[in-house]
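Next come two complexes built around chain A: one with chain B, the other with chain C.
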Partner chain A sequence: MRDSKLLKIALLIGLVIGIQALTTVTGTQYYLTQLTMSAYYALLVIGLAVVMGYAGQISLGHAGFFAIGGYLSAALTTHNLVALQANPVIHGLGNLGMLVSGQDIYGEPLLVVAPWAACIIAVCMAAIIALAIGIPVLKLKGHYLAMATLGFSIIIYRIGLATEYFGEADGISEVPGFTLLPAIGSFGPISVSGDFGLRVENYYVAWGLLIIGLWLLLNLIDSRVGRALRAIHGSEEAAEAVGINTAGFKLKVFVLSAVYAAFAGVFLTHYNGGIGPSEASVMKSVRYVALVAVGGMANVWGTLVMGVGLSFLSLRGVFGTYDDAVFGAILIVVMLFAPNGILSMNVKALFAGRRTTDEHR
Partner chain B sequence: MTQALFFQYLFAGISYGVIYAIVAIGFNIIYNTTGIINFAQGEFVMLGGMISISLLHYFPLPVAIALAVVITMLVGALIEIIFIRWLDSPSVLRMIIITIGLSILIREVALHIWGESIRSLPYFIGNELTTVSIGPVRISPQVFWVVGVCGIMVLGLSLFFKMTSVGREMRACSANRTAAILCGINTRNMVTLSFMLSAGIGALAGCVMSPITYTQYDCGTSLAIKGFTVAILGGLGNSMGAVAAGILLGIIEAYSVAFVPLAFQDAISITILLIILFVRPHGIFGSSAAARLKEF
Partner chain C sequence: MLELRSVHKNFGGLQAVHDVSFSVAPGSIKAVIGPNGAGKTTLFNLISGNLNVSSGSILFQGREIQGLKPHTIAALGMARTFQNINLFHGMTALESVMVGRHVRSRAGFLAGMLRTPATRKEEREIREKSMELLRLLEIEEFADVEATSLAFGQQRAVEMARALATEPKLLLLDEPAAGLNIYETAEVGRLITRIRDMGITVLLVEHDMSLVMDISDEIVVLSFGCKIAEDVPAAIQQNPEVIKIYLGEDEEVMV
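Coming up: the complex of A and B.
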């Protein structure tokens, strides 16, 4: 088991390097931009797969967590704090080295929160919000859970759309790059930004992050926690009867997946150099659910493949104006014919006219 | 707030409230026979409005509306027959995802047919400036149309469920499906019928509200959320509760305009929904004993 997992990860790493090499050889490096973005979306989706597939809890609110991460880091790293310098909180942050000062394009002094500090604040905020809404929300089941999480993401969308601090309908643009490692000798600084010269670096940062996230999740699933989650999915009452703290486990994976979503939001926002309210829209949340469903619910690898593949096609504009319709159709078709995901579809059984059994009760 | 303004808001709230109530009753009809919440309920309202607006080029208003209702009912029936009828006791999660997918598909089809432009039916009587004065308050006659048509629909539905044999069969289906099958009721047909019925009332509501609220391809989602809020508030499956809760929500929303920015108006109903779900998931009019038997 352990060996096959390592092997698969090694294969994935090989594939990632191979694709990068291939784009260099064929001169199609422009594909890397979308592959980088797809990797961040996939990071969110594999986190959601654990909540939906293993714990069996639907969440239509993950675009909300993505937006919390993205918006907070964007707002903190772009809004000038010079006027607030006297404020003790700001002063304290400055003493902790969490602020960077510079000059804007007009030569005016600029004081903003450092990207790494903003990232920590944004991810912690997403975790706290996930904890706060998770406690009441996860007591609900079925339709109620779906509607409650949907409602949450609409509220986040509305806040983004109506708050001046978050740029209202325009969103926040000109978000600075996020320097992960300073320059060491001739080895240049590693920075997450939309700079074309940094395309290859960013590709590896995104995929590195995704693979680390994947590795952690795979270990989690094979651990005691993973077994407990599967028990909850099978039957919550039975899980409780054998002594599993169902509410605690559900909450923990919900918060974990929110943290994944927030990380994806932070990094993608720095990469794109901005974020708009559409990132928090209902359609985004639905899209993430579609990606988990098509990947096979309780299948992190399948979700990874489908998440990267479909996000890439969508970002390349393959679906044209039918983008949303394609995701809607995917949801319906997968749920009707292959509720366990396309990769696990039993083609023979389908053609033999046998009805697919429903294992997601 | 002056007295005139107070009543103005009150009537605006009531006219929106009855629309929410109709959407909620649409949820209830399908929920009662299948145990499914149809997330595409708001799209029926949009379809009703859009189809009638298109048909208005060829037919007089009453015919256009009647045809729109019939077409939407057929769409509802088709959806049930193609996507839901043949599933063997599907799980809640699966049904949620399928109906969400349907709502997206319907919305996207509408986008490709009618585009992004905002449309509306003409006022049934007079135009947007015509008003009826009641004391200090001036109300558009369309408000009476909305309230009247929705009131008749609610009455008609309750008579249908109590008096007719088909209505009684549908209620039997919701009370105990197995027992209904044993009595020789074709429960699958009842489910198709419930989709037609809720599509039909949604479409009619979409037509009468169109002159006031306008119709756009994506207006279904927010209506569905509000309708769901109302359905929960009134107790899922309880139509009279839905009417009371709908008018309550409509009035709360109308008065909220005076206190919070318009952009947050949707957030208010969602906040109410979340509070209700956390505190009283069986609704303010529902009984907690009955709620324990349902799957939340």
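Coming up: the complex of A and C.
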């Protein structure tokens, strides 16, 4: 089981390198931009897959966590703090090396939070908010999480639209690149940014992050924690009876998925150089749920394939103005005909008039 | 080991359990019997923490456990099986038992995600221990079969292995012989005696009188939520109150 996991990951790495090579040979490197963005969206949906498939909870708030990551990181790294320099908090951040100074395009002094510090702050904020939502809600049985996260998602969307700090309807643009590794000799620096010259490098950063995220999740599923999560999904009463803190595990996995979403938000925002309120919209959350459903719920690999594939098609504009409608329709079709995901769909049974059922999960 | 002090449980106006007190001595097998609706399963759910008492207290190893969550009580060393078998869908027999090792292992989110050497070692131990229990219950050949697709008696065995995997000090068995034929019932009886001999105290609810009389050290009889007798099996068989509730009045047949 473990060998096949490593083999699959090795194949994926090979595929990632192969596709990059192919685009270079064929001169279609513009595909890499959408593949990079798709990888970040896929990072979010594999995290959500564990919440939905293993902890059995639906979150309609993952666009919100994505937006918290993206917006906070964008705002912190773009808003000038020069006027607040005397503020002890800002001064303290400066002493910790968490601020960078420079000049804006008009030559005025500029002082902003360093991207790495902004990333940590943004991800921690998403985790704290996930805790605050999850602690009261996950003690209850049933789909209260879907309700609570739906409300949360709408609030985040509205805050983005209505707050000057977050750019209102325009969002935040001119977000600087995020230097992951400084230059070492002739190698590097490695930086997350939409700069054309860094397209190949950013493709590998995104897929590297996705593969690390995938590997961590697959390990988790195979572990004691993964077994506990599957047990909770199977029978909460029996899970409690063997000493599994069901509410605690559901909370932790929800927070973990929020962290995945926030990381995706931070990285994609620095890559795109900006973020707008549409990233926080409820339709985005529904889209993520649809991607997990079509991938097969408790199937991280299936979710990864579907997450990358459909996000790529959507970003290429294949669905045109029907973009959101396509994901809504996918959700309906999956629920009706392939509750275990498209990839595990029993085509023969479908044509014989029978449906695959939950029993095969 | 376990002590109930004047336990009451009301559901609205219904008194499901009324002023029940008894204790279970370490290393013994104690049975709770009574007609349907006597409050036996309710009593079990109170002990395991699935329900809260209306009044009274429940002490486990001298500690008040009333009000604690079921998972906390399980971690203290109390395991249970369910009247209607309660296995995890989609898990093999082995995995189901491995889940039972939860409280005896430690790996958390970070250790699990990073697959540290200590975690891998722990996983091996969990697997070995679980296989041992499958062997003890003579179902090791079904280790890789989905537990819910097994025959009824084997499902009961998986459930019992899962409970034993938590290394309990007290094992609660809710009708362990329900749905079993007489041979399987006798088998379960031998198994429970063996579990007791391993040093695990057993408290069971059971309808099968021959099983209860065979293996129990002491029996508590409930009727309409009240305790009406508590004694050794031989004395319970002679108890006129018990004979009355089981067979009606003026019958001279022994239970």
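Methods note: the second predicted complex is superposed on the first by the 350 of 361 C-alpha atoms of A that agree within 3 Å, B and C clash if a C-alpha of one lies under 4 Å from a C-alpha of the other, contacts with A are read in each partner's own complex, and residues count from 1 in each chain.
In this text, a residue touches a chain if its C-beta (ideal position, glycine included) is under 8 Å from a C-beta of that chain, and two chains touch if they have at least 3 such contacts.
All values reported here derive from a predicted model rather than from experimental measurement.
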Practice problem: Return fit or clash for chain B versus chain C, each positioned on chain A through the superposition. | Solution: fit
Exercise. Based on the superposed arrangement, let me know which partner A:336 touches: chain B (first), chain C (second), both, or neither?
Key: first
Quiz item: First (chain B), second (chain C), both or neither: which does A:91 touch?
Solution: neither
Quiz item: Roughly how many degrees, to the nearest 10, is the angle at chain A when you join its Cα centre to the Cα centres of chain B and chain C?
Solution: 80
Practice problem: Please determine whether it is chain B or chain C that touches the greater number of chain A residues. | Solution: B
Practice problem: State whether A:8 touches chain B only (first), chain C only (second), both chains, or neither. | Solution: neither
Practice problem: Could you look at A:162 and tell me whether it touches chain B, chain C, both or neither (first, second, both, neither)? | Solution: first
Quiz item: If you stack the two complexes on chain A, which partner ends up touching A:328: first (chain B), second (chain C), both, or neither?
Solution: first
Exercise. Please work out whether A:235 is in contact with chain B alone, chain C alone, both, or neither, and reply first, second, both or neither.
Key: second
Quiz item: So after superposition, what is the minimum Cα distance from chain B to chain C, given in Å?
Solution: 9
Quiz item: Which chain A residues contact chain B in one complex and chain C in the other?
Solution: 361
Practice problem: Quick one: which bits of chain C touch chain A in the complex? Just the residue numbers, please. | Solution: 48, 50, 69-72, 74-75, 79-80, 82, 86-91, 95, 98-103, 105-109, 111-115, 119, 122-123, 126, 162-163, 165-166
Quiz item: Can you name the residues of chain A that touch chain B in the complex?
Solution: 56, 58, 60, 136-137, 139-144, 146-148, 150-152, 154-155, 158-159, 161-162, 282-283, 286, 289-290, 293, 321-322, 324-325, 327-332, 335-336, 339, 355, 358, 360-361
Quiz prompt | Complex contact set, residues of chain B against chain A | solution = 37, 39, 83, 86-94, 96-98, 100-105, 107-109, 112, 221, 225, 228, 232, 261, 263-264, 266-267, 270-271, 273-274, 277-278, 281, 295-296
Quiz item: So in the complex, which bits of chain A are touching chain C?
Solution: 216-217, 219-220, 222-228, 230-231, 233-235, 237-246, 252, 256, 359, 361
